Amino acid sequence: MPIITVEGPRIKDIEIKRILVKEFTESATKAYGLPAEAIVVLIKDNLPDNVGVGGQLISDKKKA
Amino acid sequence: MPIITVEGPRIKDIEIKRILVKEFTESATKAYGLPAEAIVVLIKDNLPDNVGVGGQLISDKKKA
Amino acid sequence: MPIITVEGPRIKDIEIKRILVKEFTESATKAYGLPAEAIVVLIKDNLPDNVGVGGQLISDKKKA
Amino acid sequence: MPIITVEGPRIKDIEIKRILVKEFTESATKAYGLPAEAIVVLIKDNLPDNVGVGGQLISDKKKA
Amino acid sequence: MPIITVEGPRIKDIEIKRILVKEFTESATKAYGLPAEAIVVLIKDNLPDNVGVGGQLISDKKKA
Amino acid sequence: MPIITVEGPRIKDIEIKRILVKEFTESATKAYGLPAEAIVVLIKDNLPDNVGVGGQLISDKKKA
């Protein structure tokens, strides 16, 4: 604890994941006053045909 | 916001996903009085050997 | 299973919750081909100072 | 309900999943006083490049 | 990591929570081969008018 | 989408929440290449008797 979960489209570049985890952890460290070692980040990939925004699948929006 | 997440077995037919996202969004629009654009739906697929009901994996139930 | 979780602002009127649970369950019943008894809906209330959109707390947006 | 979700690295051996689901369900049955049939367990697999601990991806820790 | 989240009705007796956390942690320790210190358990309370089963709020079922 | 959820102990100071939401949103904006308006942050408070680490409730650890 704390645990940070981010639900988003898939991030293909691992370097971007590295920066995201580093920055989220730094922000949480400051906010909670807890050491970085206590903080877990979970990156969750979502396929465009498993996400709807505004009542429409993202995979359909891209085609439009 | 609002964010609707559904954890279920995999839905193979994308047309079923389209209807699910559309209906969930309509229901949430009415309940929260917020526009459809504000509403996100996440469909989460779960494999039968990653779900337990009644203390037993779903993949084992199917065999029984 | 399936489990539907909705994260949103607090719904004060229980009648609105009743309709939301009924409609979500009906939509999931059709999409998954499973009986209503198998479907769980969790309504999660979020305070406006615990939600950020566009980098700003909702409680601050309201004041603006 | 209740619903138990475990976020962890992938468990490859299905026998380990069987035991985990059985034990979690037994513990929840006792704690909530509800029958095993009411209890759902979701096992969530996470890839080592989608998890950060201490500000670092697990996939990077392994290399170090 | 691993992180175990349990969504259920409120547990009033803290001794029951102690046992639940202890047992969940022991089961996860065995399943993942990780030390107890790495394992986090989150107990989530849900009010009966925020949970629907079978299309009906639990708070309404109790009255019936 | 993306949606960032942070599970942690309660943050009492709203100014700390403001900074957390702002920083999480900035990090996600860069990682996903999406505008800040698309990003939602949910801050989840957890009571010390609802969280276990190392098989022990946080509320019990504090007493020790």
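For reference, chains read A, B, C, D, E and F in written order, and residue numbers begin at 1 within each chain.
The criterion applied here is as follows: contacts are C-beta pairs under 8 Å (C-beta built on N, C-alpha and C of every residue); 3 or more make two chains touch, one makes a residue touch a chain.
Please read these numbers as outputs of a predicted model, since none were measured by experiment.
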Chain pair, A-F or A-E, that carries the greater number of C-beta contacts: A-F
Interface residue identity across copies chain E, chain F - same or different by half: different
Geometric centre distance via CA averages, chain F-chain C, whole Å: 20
Chain B and chain F: spacing of chain centres that average the CA atoms, whole Å: 24
Whole-Å separation of chain centres (CA-atom averages), chain B against chain C: 13
Two or more partner chains touched - positions in chain B: 1, 3, 7, 17, 24, 40, 42, 46, 51, 53
Chain contact graph, described as a line, ring, star, complete graph or other shape: other
All pairs of touching chains, each written as two labels joined by a dash: A-B, A-D, A-E, A-F, B-C, B-D, B-F, C-D, C-E, C-F, D-E, E-F
Residues of chain A that touch chain E when the two form their complex: 1, 3, 40, 42
Touching residues (chain side chain E, partner chain F) in the complex: 14, 17-18, 21-22, 24-26, 36-37, 39-45
Residues of chain D that touch chain A when the two form their complex: 7, 46, 49-57, 59-60
Touch list for chain D against partner chain E, complex: 1-9, 11, 16-17, 19-20, 23-24, 27-28, 30-32, 46, 51, 53, 58
